[in-house]
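In order of appearance the chains are A, B, C, D, E and F, and numbering begins at 1 in each one.
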Amino acid sequence: MRPSGRNLSDMRSVSIETGVTKHAEGSCLIKMGDTHVLCTATLEDRVPPFVKGSGLGWVTAEYGMLPRSTGSRMRREATAGKQGGRTVEIQRLIGRSLRAGVDRVALGERQITIDCDVIQADGGTRCASITGGWVALRLAVNKLMKTGAITTDPLTPVAAVSCGIYAGQPVLDLDYAEDSEAGVDGNFILRGDGQLIEVQMSAEGATFSRDQMNKLMDLAEAGVSQLVEAQLAACK
Amino acid sequence: MRPSGRNLSDMRSVSIETGVTKHAEGSCLIKMGDTHVLCTATLEDRVPPFVKGSGLGWVTAEYGMLPRSTGSRMRREATAGKQGGRTVEIQRLIGRSLRAGVDRVALGERQITIDCDVIQADGGTRCASITGGWVALRLAVNKLMKTGAITTDPLTPVAAVSCGIYAGQPVLDLDYAEDSEAGVDGNFILRGDGQLIEVQMSAEGATFSRDQMNKLMDLAEAGVSQLVEAQLAACK
Amino acid sequence: MRPSGRNLSDMRSVSIETGVTKHAEGSCLIKMGDTHVLCTATLEDRVPPFVKGSGLGWVTAEYGMLPRSTGSRMRREATAGKQGGRTVEIQRLIGRSLRAGVDRVALGERQITIDCDVIQADGGTRCASITGGWVALRLAVNKLMKTGAITTDPLTPVAAVSCGIYAGQPVLDLDYAEDSEAGVDGNFILRGDGQLIEVQMSAEGATFSRDQMNKLMDLAEAGVSQLVEAQLAACK
Amino acid sequence: MRPSGRNLSDMRSVSIETGVTKHAEGSCLIKMGDTHVLCTATLEDRVPPFVKGSGLGWVTAEYGMLPRSTGSRMRREATAGKQGGRTVEIQRLIGRSLRAGVDRVALGERQITIDCDVIQADGGTRCASITGGWVALRLAVNKLMKTGAITTDPLTPVAAVSCGIYAGQPVLDLDYAEDSEAGVDGNFILRGDGQLIEVQMSAEGATFSRDQMNKLMDLAEAGVSQLVEAQLAACK
Amino acid sequence: MRPSGRNLSDMRSVSIETGVTKHAEGSCLIKMGDTHVLCTATLEDRVPPFVKGSGLGWVTAEYGMLPRSTGSRMRREATAGKQGGRTVEIQRLIGRSLRAGVDRVALGERQITIDCDVIQADGGTRCASITGGWVALRLAVNKLMKTGAITTDPLTPVAAVSCGIYAGQPVLDLDYAEDSEAGVDGNFILRGDGQLIEVQMSAEGATFSRDQMNKLMDLAEAGVSQLVEAQLAACK
Amino acid sequence: MRPSGRNLSDMRSVSIETGVTKHAEGSCLIKMGDTHVLCTATLEDRVPPFVKGSGLGWVTAEYGMLPRSTGSRMRREATAGKQGGRTVEIQRLIGRSLRAGVDRVALGERQITIDCDVIQADGGTRCASITGGWVALRLAVNKLMKTGAITTDPLTPVAAVSCGIYAGQPVLDLDYAEDSEAGVDGNFILRGDGQLIEVQMSAEGATFSRDQMNKLMDLAEAGVSQLVEAQLAACK
């Protein structure tokens, strides 16, 4: 039995509100249950040095948590003087995942930065960031297409969900209560067409079998299809 | 004529939504026109070393801006490796201002940390942070009073507004368009009873007379009374 | 009664010795009673990026305290790895204040950096830094005028003094014994012609009325006139 | 055809030399082809605060690359002032992986730190670090068992190997030439009994199917058994 | 011929003014020609952890240069975020040298921190810091002896001078003009009784013979005796 | 009697193995008894800004210790966020010493960076780094000469050895057991022709006489000749 009363293969309710900030070229507030992440896309003409002159575009991401997004207050990373190891890992993952859904030739030599800031955390913030980040990216690219700056759509949907073994059972979309108990959990990032972009499965103080791995993959594939539907609905 | 069409002594519309995050002991989203700040209060039993054993309470504040709260994206302070000078100045001001409305004996030896994170900026973020921060503080203290942990109410209302000389005229509650043009601007922090807590008037590339200073003070007094009303209404 | 035996409207004795270091383009050692600050002006042809090509000059300031300028030794900021919040606030104030007395067109595209290093502290170091900093600036500009590099004098005098409510009375030029007890204190930066540049009044654990504010302003105006006289005498 | 001429399912030659430094409680130099990593184990009685008093042991890891372990010299992280994102990610992975092979109750309240320093890099340094790190850990634990400080062996073998899709083919144990071309690569960390500890598969600018994922898993299982044999042989 | 017109074995004129700051337990302003260093001694009852409980005293030193102590302005180390390599080297040298003149048993378990801040630089700042630092130390220890906190005098004089090969000739007490040209220069730290504490001779882009080394030693011995006389005279 | 049983004027056995890493332009593993240092030379066409356009070459060095190169594990400098004072001092010394054996005109406008990483420490790591660093430098320069990029050999041998007063006796090449007991120790860096490059003699809690200094110099001269022989043999 899951703490939330959900069935093993139930995701939390998803809502994606777009246009939540007036300055960003694209933005949304994604809610996966009680996990709320504000995602914004910033469009710039300048690109990083390693891309310059290549004609290719670049998509990158940064991630942060508000100090009181969590049950006990976390120290602000700006006062700590650096981003922690977990933050760096997550933002690298978000950027890498979103780039897998971008045709960088079609995007052209410009950069889009996706900022994912967790307003309220209840597990699965990195997956929500990827799913919501793609929506912000989509909206920013839509602007480029409306003005004719881009003529071929460079984007394929990308979404992410976590799965894990909780109380011996494979479950979809772990919330914090499950995540803190689960011996095994994984993040699955897929494209809208079901191709895999990144799989990270990890056991802390436990192990898992190939059979369990396959069951988690099945759950993830089902979860991501629902998320892609929600993304496309939000961007209409 | 003001860019927004407001009269010289008009404030922007104010809204204060409370209870916006489930983890914090007190929280609100304050909107002063297009300036939106999320304020949370965190209650802790531990106090800083310089207070320990004194029996007195402590209130402190931290401030941050989301990278794309502004027209062009700002570098995240956590990646820059430190809080900038402006951030440090502002969060010291918020903490000092709120403490002026706290009876530290009545609060007892506990600490409340107010986090003010700017979601969207359009001028006056420090004043909105103080006004909203007081609401978060009020709500956290209410919890203490409900449980009987505190028996005497330690709080007096504190609110803040900016005024400045725009196009030669004294105006109330500068928005970004005005702020970036104003030769003189000031922040006025007052208690609900009209007593002054902090006055900061500053001219960049200009000066002002005592007479102008007095006119700005008049506007500020009027503005703060409206804000205190909004605070009290939100906390009911 | 003030700890030093001064009357309410008495400043400490002021001395400004110029030419105290052979390398700087302008320098002075300002003593406001037991507060001693070494101020130097460095003239450079390069300007910061945001000024480049504008034809305008730039004046900036940095502030520091020697570790044993105070009653107990303070940690050296260079070993702490960064300037503290108070330092950053003060040096921004010094720079902003001095720029209010500079005609940046007449100065031409060059930068003058004012370094204010506190040798011995007894309250009012930021005000002494502004007053002494202006003298260093004046001397450096004099060199430019002597060589004909500048033909119009770009400077108006700028000086600063602190006032506060000590033992219920408004007093001029707080020393450390008063400053650490005063519930309200303020820094007043004025031009030689009496125009206001910056007013910062602040109450820690207290408040003040508009009437008190006006009394402090009166004291400040009187104090600054004496300081401007001392500045001009020193620069002769 | 692989650049090295190896068959698709061939690992590079593995050598593990133990006892390479006189100070460490356990040490080895592992060579996976031209990738050489020095691994040391440091045994300490003190444990991190979050373990203190629990009676449980702790195993952690740090990772570094010598500046000229690579084709072009990398900046030393100590001069850069921090560990880069990649370093942090890798050392967290090494620690987490090794802990999955440790019975922390049997280890008792002590800490073992595994340092993995890359002397020469040719791809697969994180996997070599885990495999060699386990050997250093084994040797340090052997000392504890010899002295009777520990009576139940707390260790199960842990080893890691990378696999990827190179030129459209699934290959085992990527060297640098392959790694820099592969669209998909993964790190597979397994226990000696075939249970999975961590799986990380990632596509940069590409995607992969579940079928490809399964082929890589097959290769990894075969590779890890050979590595566990080499570990056990080295520790005899 | 030396740029200053001095003879080869002439030191610059030395002046040591004591009691220059009211807060420090000991202080002096030492001038070696145009090199001016403010030295203060801070006495504390707490000692560093590695001394605690040993009954022994500790003497340590910190060094800094005011930004415009030099011909062109140097970046403030506090804004650079750390002390440079040269600063660290020098302050370690000062501390080590002064400790060689201290009977740490007689001093008892207390710490004295010597701060040496260069007000104006013209070569030889580290030697002036040691010589002046000893005077500050002497004065602080005198206070301890007056109050009876210490009964045996723990101090022997320590002084330092630089020598070098300038224009092919061994010269005493290099000023900046000589220092920047000298192929070989050395710092010689001696006790008042002629015993050596530290010798550092270094050639940048040159070498020196044992014979030259001996000539520099002769000069240094003569120079240090004069400095010790000046120290003792200043402390009377 | 020395702890190792060596005679007063015996060096530890020296071995220098070259070509130990495939990426570096020059490399060696130097062993002075149980002190093992890996030295690599990196050749680059770019030079530091202060050399640019001068036609002169530049040689610089960096130094590090692996965390468990010592008896107890040292904190990794990359996690501490900076190089310690000792590290900075040592790497500046290595660079300065090696440059004294380089004809920078003959080298031409290119940079060679020598990295010295201590694998195992038993005293004298800075001297071993200089001696081994020269071998790496020699090998990198040989490559330049083979290709004809350089036609005049820019190098003279440079080697270093430590000496000290141990148990009242002057001894050559201190190991850790001696170094930690010696009241006086020195580092002597000489060219192959016997000219002195740098002499650093230092007493911690002790002093030394000129006579002792001369005895240490005699030992050092003898030691360095043996080291230069070993260097030349290794480079054949």
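What to note about this one:
Just so we're on the same page, a contact is a pair of C-beta atoms (placed from the backbone, for glycine too) under 8 Å apart; a residue touches a chain by one contact, two chains touch by 3 or more.
The UniProt protein names, listed by chain, are A, B, C, D, E, F = Ribonuclease PH.
All values derive from a computational prediction rather than experimental measurement.
Chains that touch both subunit D (Ribonuclease PH) and subunit F (Ribonuclease PH) are absent from this assembly. Ranking every chain by how far its Cα centroid lies from the centroid of subunit D (Ribonuclease PH), the top place goes to C. Taking the mean of the C-alpha atoms as each chain's centre, subunit E (Ribonuclease PH) and subunit F (Ribonuclease PH) sit 28 Å apart.
Mean C-alpha positions place subunit C (Ribonuclease PH) and subunit E (Ribonuclease PH) at a centre distance of 33 Å. In whole angstrom, the spacing between the mean C-alpha positions of subunit B (Ribonuclease PH) and subunit F (Ribonuclease PH) is 59. Distance between subunit D (Ribonuclease PH) and subunit E (Ribonuclease PH), defined via averaged C-alpha coordinates, is recorded as 51 Å. Each of the following residues of subunit B (Ribonuclease PH) touches two or more other chains: 82.
Taken as a contact graph, the chains are arranged in a single closed ring, with each chain touching exactly two others. In this entry the chains close into one ring whose order, counted from subunit C (Ribonuclease PH) toward subunit E (Ribonuclease PH), is C, E, F, D, A, B.
By the touch criterion given at the top, residues 82, 85, 88-89, 92, 96, 99-100, 104, 186, 191, 195-210, 213, 217 of subunit E (Ribonuclease PH) touch subunit F (Ribonuclease PH) in their complex.
Remark: subunit A (Ribonuclease PH) residues 21-24, 27, 34, 38, 40, 42, 44, 62, 64, 66-71, 73, 76-83, 87, 113, 115, 117, 119-121 touch subunit B (Ribonuclease PH) in the complex.
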